[in-house]
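Below: one structure, written as structure tokens.
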């Protein structure tokens, strides 16, 4: 129903892999490369040109790379200069600005707004309506929940831009804010509605406005079982590379 | 100006009522039913297929029902399997995921993001940019204001999904968060920026992060008149079924 | 790549200036006026008709004015009755409701949602995903950061609508809320995640939920230099009218 080749425009310079499907009303701009078996749904824009395009007739679109096996849902905009790994999937209406680098097996949610010039590792899941400022660094297996904002200007307005860094396996819950330049270690849990104002060591639970370290995440006990859910990779494996073999075995490999 | 029948696609299996208007560039997928005199504006997608559609050639779209007299504004996406009652209206760019049930006389605001598998009663008004997680239960006459998030995973990430429940007549003000599984009684007022971490009895005002019960809503006095605005149905009737007869008379009926 | 004149519709009553570019799939409704050398990108709607349009065959679209040199990015919706000054620029998917007045040299970010019947002065920059309620008043050189919400109903739900007022040069940082009717003076800094519940005098730093006045912004010292960044116009001039001459000289003029 989606792939009727109606009102589709693909630049002659785009390189489209085998088995790729392009939805109706979608535009693929110059110098976009899409890997085999990827699906770009209807009403998307891939390789959106930068500001200079509007004012410089010599403008050349930077190379944009989407890996293999992507599923990009409708009404999404991915700018020129982005590099996205294999097995990417997205919700609707994402906006990914220029020179965003995203690893393999990542997911973006509906309405996500990535401001460009930022890096996301492998296996990260960003839920709906997340805003990631420029110069942010996100490791691997990081999950970010709705309405989280990564900021980067310590004295607004200024020309300083220092994004937050989040290390592997950390979880940033809904409506949290990361102030400019904060560094969150591995396996942290930033609770819902927290404003993170300073660096957080690995394995910490942070809560509140301003955020305070409450305890080690390994000491969070389940009310029913008395066991801890964290580190979460021992308890959650759906879609993760240790789904078949368990986290310890995967770690050894 | 909107209904020129340009680039409109309607599945042969869709059932379109009398007097229905469909805007330009809108797509109506398989097994959608739209009630009489409804308006679907331009650039909408009704009956958006589920994930399985992309990978299973035997995929069959679930029945999607939109009642009579709807006004769905432009760029909205409503998934397959949803059931929406009569006199529904929406802002622009709403996303309503699969198996969402919405009663009669409800309104959704621009950018609302309903994650599916959730229920909303009658006469609910959700303002702009509200995010309702799966398994949420919302009663009747509930109003939800911008940037409110309903969450459902108590130990992220996990496969547990327990949404919040909000009973009739409660008001959830801007930027509030409802943590997984909380139950908010009738006629409550959750103040702006509140993080609701536990159950709230009926008629309570809740404020802060974490949210604390401040007082009974009936004890909130207006600074000018000295009278209470709550329970609000005695003070507000625009668009409500007691608009003509008053809340007490409507209650008797 | 964007301006192929594909699926573009322009009302005969629209007045389009010299050198204006209109992107593919864009619609310009009745009584829209667009100034010289403006660019409206693809998939936009300018002059979106009001609710009455759907139900009244005598409906006449109000005049909508976009000044000279605008750059309106894709998928944006600007309602009938808006007046926007010269040198406007926007991100993607903005929604600007009816009778919004915006001065010269303003910028709106991706997903901004302006609810109409509000005023914004000159040289204001609203970043992504800002929500401005009706009856808000925003001065000149005001910067507003992502996920900020301006509210207007002191006792929800009611028919009272009193928007906040923000005076010249003030900065409203990410995820802040302005409660109905609050008045924020000149050169204030509302910190990230703040809920502003009462009026704030000029030059104040406000933080927290509920927001408390912490100090004079001129007393915020940079940790490295020991100097204050505020009043910011002495430290930041990119895109401002004092970029060439300095703030003091510009002030004299």
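Note that the chains are named A, B and C in the order they appear, and that numbering of residues resets to 1 at the start of each chain.
We take it that a residue touches a chain if its C-beta (ideal position, glycine included) is under 8 Å from a C-beta of that chain, and two chains touch if they have at least 3 such contacts.
None of the values given here were measured: they were computed from a predicted structure.
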Inter-copy rotation, chain B to chain C, in degrees (Cα atoms; steps of 5): 120
Chain copies touching (chain A, chain B) - same or different residues, decided at half shared: different
Where chain A and chain B are represented by their mean Cα positions, the distance between them in whole Å: 27
Of all residues in chain C, the ones touching two or more other chains: 7, 25, 43, 75, 93, 111, 129, 147, 175, 209
Touch list for chain B against partner chain A, complex: 7, 9, 11, 25, 27, 29-30, 43, 45, 48-49, 51, 53-54, 61, 75, 77, 93, 95, 111, 113, 115, 129, 131, 147, 149, 151, 155-159, 175, 177, 179, 195, 209
Chain B to chain C touching residues, read off their complex: 1-2, 4, 6-7, 24-25, 39, 42-43, 71, 74-75, 91-93, 110-111, 125, 128-129, 143, 145-147, 171, 173-175, 189, 192-193, 208-209, 220, 222, 229-230, 232, 235-236, 238
